[in-house]
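The chains carry the letters A, B and C, assigned in the order they are written, with residues numbered from 1 in each.
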């Protein structure tokens, strides 16, 4: 399938305060190119300062490029803004890292989920409650959640609300900017499963930004490794993880803490029904399943 | 089988029995930690693992007697000290005694080094503080010590950097400074509360290696608090799993990882994304 | 840093120009002919004309302003011929009221104003900052509430009211203090000197201390919730050290910033306080000159006040970089 979202030779420079007349710039993104096709997950990994988040923001036109092009469905949208980006905004949506700060705490969940539709002039009108109810169910929440406020939900539930919001406009591409990084590990697995399921159903393309290599390994088809604003390695998931070409990639992989494989093997051996690591079919009600959407006080760490 | 039996008859460095912590709630005190018991030995590491709301941070604050105002702890927390080789009860300790112990015999490293360092003072001063307060060293002596400790934790050019302020360091270096501050009086017990959560994975690996080296060198007993099961498997010999303030499972690392007894532990382990073993081939629409 | 100072000083000079121009315009447009006032009761039109000529009041506005500026930088002369009076730079003219050189008038009164300002400042810093610190540490207790209540009074009470009240109670009724006499030197009669300045200090300090108490308390409360305070406690540091390094020092930035501005302004003279207590300082001079429409003096005190504020502003900004290590980076 041909690429839906294409970025080529993206460059982003930020001015950095220098002494008086000497103006210095920081190249946060230095010649980055990639594309996302429907049904494909492109993961961009890197450490802090690698430019991965900035690249994602350039790709969704939340930031203006210093140079380079962004293309959506063949159309060059690099210089567009405002209303003319509407088609693009209807096709590409973002799920952010912290659901509490990316969802308006003064809006009910219903308002949160329907907001993108309203902003794009596609207000669902009288069918909005049904629409929101369906979306909430699809992301694993009870439809009664729509009359509550984001702060009344746990982190994982709030992130599901964020996903529902992103799905409201029926996009073709979802950009997940560290979308599971702030979640507990059991919740993380559930959200990843949800995302994988949505991708299967709707043929969504994902641009997945993360620093956690183990997470990326669960869902990526293509992996880009970034360092200091540049893409240092690019390949299919299996290539990058099992046969990394660059030293930096190898360093990153080596640094990931691992559970003793011997112990793992013994554990697996004792349980015949384990379906492998991480992502699996959505659980019905295991003891790590989140409480259904009853209002729970947001738990503090 | 729990690991508590392995501590035998010798007094452990830290022994916690039936620790309960309550915080002020809307309708009176709310219990958030429900009866924890564990022990830490010299030179060994206990990992306390839990997700958010598990009470792991509260537990560490209770041990250090740093609970926020309004919070109350009951039960027993006994630290083996020179004055009390049989264990000294910290929960009923006097303010002055606790202050003498904190920073000297027991120390803590926190999660976010940027906000946990005083931005207004040089790092050398902040490292030397505890030593000057507890050992009465002079400014010059303490400064020499600070330079030495900075070098030990891997800060390059410590003679110069000792006069820098926290903002002049990267995240990983700031965490090394926090570790330096904690270890300057060579405490018997070190509590590390998610020390690498905010750091890049390569930096995390360095900090974990540093902690392990220092522990070997000083023989410090450590409590390592984290939500990251992979990290704790590398760091701790003994693990306590918490959920919602309740102890779920307690055993050696090997026991927990190779033969978990509780459903919750099993599901936590299943949920951890792996970097090594086979994953399903990527399918889906293309 | 030098570049920064040059830039700020340049901007400051522009501000001063602007202020003097504005004051000149206001005086020019609004006040009655000073020549008439100077001339007095027994006046003839010729004398008025002469006075106007000497003072240059018959010149167009811009010429007058130009003469004023020239006088500031190089000196000027009033009148022509052998009766011309020289006035060396910086020439602030001669008082319409007393014909004294304005520069000398101000110079003679500066010591009193500085005494008032410094004494009040010391008092209000001590009381305000320590009160605020105490209130923050003992938050919610009776000490905190009492301090906040008193501070509320200090902020709400007009200082002339307090000044008159104090004077009435302490000097007239109870007679524990004499009427303030600012001509007493410190060396010749320390007791009398102290007694004279005590009330002006108290009045000024009460108002400012209240503000500083609230500011300090709020800032310290914010600081105490910072993570690094918890680190300090975890190190088992003694209470005094914790308070100094972890509570007070981080909270000083807004306090010092405000203090710089307040003190600079006070050096220009506390009009009301000086007037009520009869302290012969720059403030009283300013108040008197306004009532008598003494233009040269008004110009001079305005210029002085503006200069102090500009310098104070720059000093505070520079000091800020010394106070907060993080700010130095963006220099």
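Heads up, the rule we're going with is that a contact is a pair of C-beta atoms (placed from the backbone, for glycine too) under 8 Å apart; a residue touches a chain by one contact, two chains touch by 3 or more.
Because the structure is a prediction, the values reported are computed rather than measured.
Counting contacting C-beta pairs between every two chains, the top pair is A-B. Of all chains shown, the one whose average CA position lies nearest the global CA mean is B. One inter-chain figure worth recording: chain B and chain C are separated by 54 Å, centre to centre, where each centre is the mean of the chain's CA atoms. One simple way to say how far apart two chains are is to compare their mean CA positions; for chain A and chain B this gives 32 Å.
Each chain gets a centre from the mean of its Cα atoms; for chain A and chain C, those two points are 58 Å apart. Touching two or more other chains at once is no residue of chain A. On the side of chain C, the complex with chain B involves touching residues 226-228, 230-238, 241, 245-246, 249-250, 324-326, 329. Listing the residues of chain B that touch chain A in their complex gives 51-53, 57, 171, 200-205, 208, 227-231, 233-234, 253-254, 257-260, 263-264, 266-280, 282, 284-286. Residue ranges on chain A touching chain B, taken from their complex, read 1, 37-41, 47-48, 155, 184-189, 192, 196, 199-200, 203, 211-215, 217-218, 220-221, 237, 241, 251-264, 266-267, 270-271, 274, 276-280, 286-288, 299-301. If you check the complex, the residues on chain B that touch chain C are 64, 66, 98-104, 107-108, 110, 112, 115-121, 129-130, 133-134, 165, 167, 178, 181.
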